[in-house]
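One chain, chain A, links the two complexes that follow: it is found with chain B in the first and with chain C in the second.
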Partner chain A sequence: MTERADKTIELRVLRYNPEADEKPHHQSFTVPYTSDMSVLQGLQWIKDTVDGSLTYRWSCRMAICGSCGMMINAEPKLACHTLLRDLAPGPVTVEPLNHFPIERDLVVTVDDFVKKIESVTPWLIPKHPKPVSEGPYNQTPAQLAAYENFSACINCMLCYAACPQYGENPKFIGPAAMAILQRYDGDSRDGGSALRIDAVHGEDGVWGCTAVGACSDVCPKAVDPMHAVNQNKMNTALDYFLRFLKKRDAK
Partner chain B sequence: MSERRPYVRPMPRDWWAHRPFRHYTIRELSGVTIAIYAAVLLSGLVALLRGPEAWDAWRGWLASPASLVLHGALLIAMLWHVRTWFQILPKTMPKLILGGTPVPQRTITLVGTSVAVICSSALVAFVLWRPF
Partner chain C sequence: MEHIEADILILGAGGAGLRAAIAAAEAAPGLSIALVSKVYPMRSHTVAAEGGSAGVLKDTDSLQAHFDDTVSGGDWLCEQDVVEFFVEHCTPEMIQLEHWGCPWSRKPDGDIAVRRFGGMKIARTWFAADRTGFHILHTLFQTAMKYPSIKRLDEFFCTDLLVDDGRAQGAVLLSLSTGEFTAVTARAVIIATGGAGRVYPQNTNGGIVTGDGMALAFRHGVPLRDLEFMQYHPTCMPGSGVLFTEGARGEGGFLRNKDGYRYLQDYGLGPALPEPRNKFMELGPRDRLSQAFWHEERKGRTVETPHGAAVLLDLTHLGRDKIIERLPQIYDLAKDYMGVDAAEQPIPVRPAVHYTMGGILVDGRTAAPLPGLYAAGECSSVGIHGANRLGSNSLAELSVFGRVAGEQAAAFAQGSSNGDTGRLLDQARAAESRALALLNRQGKGERHTALRDEMTAAMERGCGIYRLGDETQQTCDTLADLKKRYADVTLDDHNRVWNTDWTTAIELGFQLDVAEAIAYSALDRKESRGAHQRLDGYENRDDERYLAHSLAHYRDGAAPEITYAPVTITKSTPGQRAYGEAGVKLEEAKHKHD
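Moving on to the complex of A and B:
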């Protein structure tokens, strides 16, 4: 039997139309909901029945594409992974992810984040390259465990919205980029650490982190970016002090 | 073609005073109290260098009510600092993998805190009973 949507909840959505609005403002919608409805479905109901101009990103509806990150009651959450019934009786504040410029309504500019991900050389650089004919690069369960959680990042940017240091200094490399860096640096098959170390160094690298830990708290995939950032503090310190002893390849 | 005019929201200056960052702020401030206690000990060392009178004056100050209140407050802050220090210990060390599986962070915190408590208790017991 289909449940009837006889309960309602108020969604206070931050709206911003760059063509008409000087600055963002809240708009309230009363949304009928069933017990299985997510915040994303609430937004879809608004778009379908009340205001077709409401703009937000979404795709998979099952917490794997990382598109629908937004501030729900001031907490960075995936809208598809947050149920309206858990937020009852409301009202529920829905705003675009903190620390990112707003393009329109709930859509933020992702350029900076994408550049940061690119800057960590996010792919495997084989330590000992070999042709396919020589078979796969094998790995033990322990070697997999060394980086496995970091490979679960879905680039949803919730950790950047949670990080006050990124809010203070947008040049800070931030949590997810370091988690993705550690996913490759920590891989036994990879030999590309030297290419990635420049992204780790300095105030805009891992030292911009003060171990607030909010990134790991809000991560929907238990990636634990705080761990990635902070274990790289040791790596960058060692690299700094040992740089005179190490022989580096000419770039 | 629509106009692009990204809106940048200002970062509140007092973010550290609000949830969910209060816990972090208290943790960091507890580190300042460690520095204050270090300064107390250092002043004792300076008093020792200056001679017996300065040393006795410093010890006299230690026994004053103001000093006892300060030490009580510093002790509470220190204990909180120890607790939170070990809470973030597993985040600052390389991943610990034993027998092919990662050691849970909670276990690392528990072991670290236990070692600190045992060592500190042993030191206190040693000072109180002075076997030598």
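Moving on to the complex of A and C:
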């Protein structure tokens, strides 16, 4: 009863092999597809049956592991979450995520992104530390809702590929890291925002954002990093103002 | 070859590996920990766990009840002393995760909410909407960044263990980004590499779930225990096998056949009540529900989809608001991939392979028989799942036993001396040569992907929801043939940088070994118990002969040898497994008897 793949679509895939190619180039593949096949499944068909050297990351197939972000028709998308039928009749261009160095084909370097996450002190610093034996902290659904969206970031990096500021200045802290920072700052159990404020300040911090909002548009999980950036702009403005007051009082 | 010296080496950085790393770092801050993963840790398959994690919380609940549900759910093949330890430690571990920031769903007053789950007598499943594994993984990944002694080796693929002087002492790693090899030597090694569900064609598992750690331990003489028990999850997406959480039924979802009939009442799970009731109907255990599907299909009472037969997961009566609040991911998956609005229409679902209940043989404190080697999480068989795992016991398992593994490995590392580096590096170079031989093999051999497809088809046929001895034997024969052909596969890609053609081929080697262990264990167990059900004269449980763990022993160039080991029984003598009204009657009779 399996649906027959009697339609085809052309995938124009960016190829780059650092051991052989001077520069990246596109290669076209004609892929048979069914109505429920994703771009990822199209790439898997190529790799399994046509060219085993085609290189991309993937794992969960259900838009939660964040591995398969790539530019599909010039937009940052999860390949597992983009259906070929929605791109028909094609051709479909498939390229590595913008703004990241290419390692091979559709694989980009992730290290800098992970370092940015590390830089925001991404762990809970309890406001009122207590041992496990004293039980869980209380957190009302409203308090949970204050940061829950930001905690849903799957680290897929689509927002960095969409962010014009990150494209211009790779040191810019960027949308996802800001969302993760706000996920902890906004958590009623956390008291560590003072430790995170330095990641927000400065040229490469939150003020680098030019408020285009592309990050939130492309987020597959409705995390709305733009909103996190805005909250941090408010927080840092307030922090600046309070420091100013403290300095003045000290005088 | 690069050489990294560490005190503790952890292979796998999903939930169990991360929890182990944190535990080791806290127990012994002076020890260096190398945490290795073939993907970035947040891509690990823990991320896909949806429904929740068990831990006794309600005043009306008890550790005894969690123990009883787990042991009877496992059809009495559980190590009962280990289950006792497990249920005691689940709730503190869930609280620990809470203290680290895990965004558990809450009751209106701000206390932790728990939901119903299959086979559990009382609601005791902690959940973070329907993204529990995702939140546990990210909480652990980000918390692990706190500890300077944890050195991550992201996107390093393990090709072999280093075993010398009768001790596990390290591993050989292939860096995906460079294609170069690194030897890590360490005084203790923890394997936390997850399950092997990708040996089947339709499964809920990510592409990375290829049994690597199981095969590595197996090849070094550590038995794989109870591997014939592969869990089919009853509600998955036809075709891809993507999971629809049991939490959907915990929240009140119904399973219907093509006539709209709640068919589970025909399989000893009824009566069909309008409200969800623990251990009744849709909240029965996974093995029974998957088996009921099999019968419905043969009765012609399933619906047809482009990917074969399905039944219907009906959430429509829950209302859109509750679905979006409690099951947002399910709602999106149905909408995005199947074009089904779960608030308006039922979702077509079918069973798919979900979880490897057996694994690397370890004792109740995660130590393998090979000194210096520990295993935790899905790759291990610590003994809590028996013949059928209850939903929400695996996230709890990786927390409880990940921690134990970290602490045990730290203690072992502190109490042992460094090995002979020269000999270990010689071994590492030999492993490198073997991996390079595959990379450089010339000619027009078969593609490994073709072999993989034959393997998965054979596993579904001979080691599926129901097993027939002659079909299982055919699967064993097919696997032996595939292993021969595997020796001659050639790659399309002969480059070093990011060669996933190469790593996928190495993974297939791991998969074939684990698949053989599954198939021979299934062939040898001539009874029906939990997820291992036979239809060739062995339809009943046979405690006299098979109240025993199977142990598959690796033999180079030959089929694995299967032996048996006793099951530890502490306080629950094997009894009848019953659910629905029959379960209530059985319980009443038991209490009268007491």
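Just a few scattered comments:
Please note the rule applied: the second predicted complex is superposed on the first by the 243 of 251 C-alpha atoms of A that agree within 3 Å, B and C clash if a C-alpha of one lies under 4 Å from a C-alpha of the other, contacts with A are read in each partner's own complex, and residues count from 1 in each chain.
Note that contacts are C-beta pairs under 8 Å (C-beta built on N, C-alpha and C of every residue); 3 or more make two chains touch, one makes a residue touch a chain.
Just so it is clear, the model here is predicted, and its values are computed rather than measured.
Once chain A of one complex is fitted onto chain A of the other, the partner contacts of A:211 are limited to chain B, with no touch recorded for chain C.
Shared-chain residue A:19: touches chain B and chain C both.
By the touch criterion defined above, A:103 reaches both chain B and chain C. When the two complexes are overlaid on their common chain A, residue A:86 makes contact with neither chain B nor chain C. Contacts of A:233 after superposition: chain B is touched, whereas chain C is not reached.
One of chain B and chain C touches more residues of chain A, and that partner is C. With both structures placed on the common chain, the touch criterion links A:184 to chain C but leaves chain B unconnected.
In the superposed pair of complexes, A:151 makes contact with chain C only, with no contact to chain B. Look at A:118: by the touch rule set out above, it reaches chain C but stays clear of chain B.
In the superposed model, A:203 lies in contact with neither chain B nor chain C. Residues 18-19, 103, 109, 140-141 of chain A contact both chain B in one complex and chain C in the other.
Per the touch definition, chain A reaches chain C in the complex via residues 1-3, 17-20, 34-36, 47-49, 51-53, 55-67, 81, 83, 103-105, 107, 109-111, 114, 117-118, 122-124, 126, 130, 132-133, 135-141, 143-144, 147-148, 151-155, 180, 184, 187, 189-190. The touching residues of chain A, when paired with chain B in their complex, are 16, 18-19, 23-24, 75, 98-99, 101-103, 109, 140-142, 145-146, 164, 167-168, 186, 210-214, 216-217, 224, 226-227, 230-231, 233-234. Across the interface of their complex, chain A is touched by residues 2-9, 11, 15-16, 20-21, 24, 28, 88, 90-95, 97, 99-102, 105 of chain B.
Here chain C touches chain A in the complex through residues 39-40, 42-45, 47-48, 92, 95-96, 98-101, 103-106, 108-112, 131, 134-135, 138, 142-143, 145-146, 154, 177, 206-208, 239-240, 242-243, 304-309, 329, 332-333, 336-338, 447, 449, 491-493, 495-501, going by the rule given at the top.
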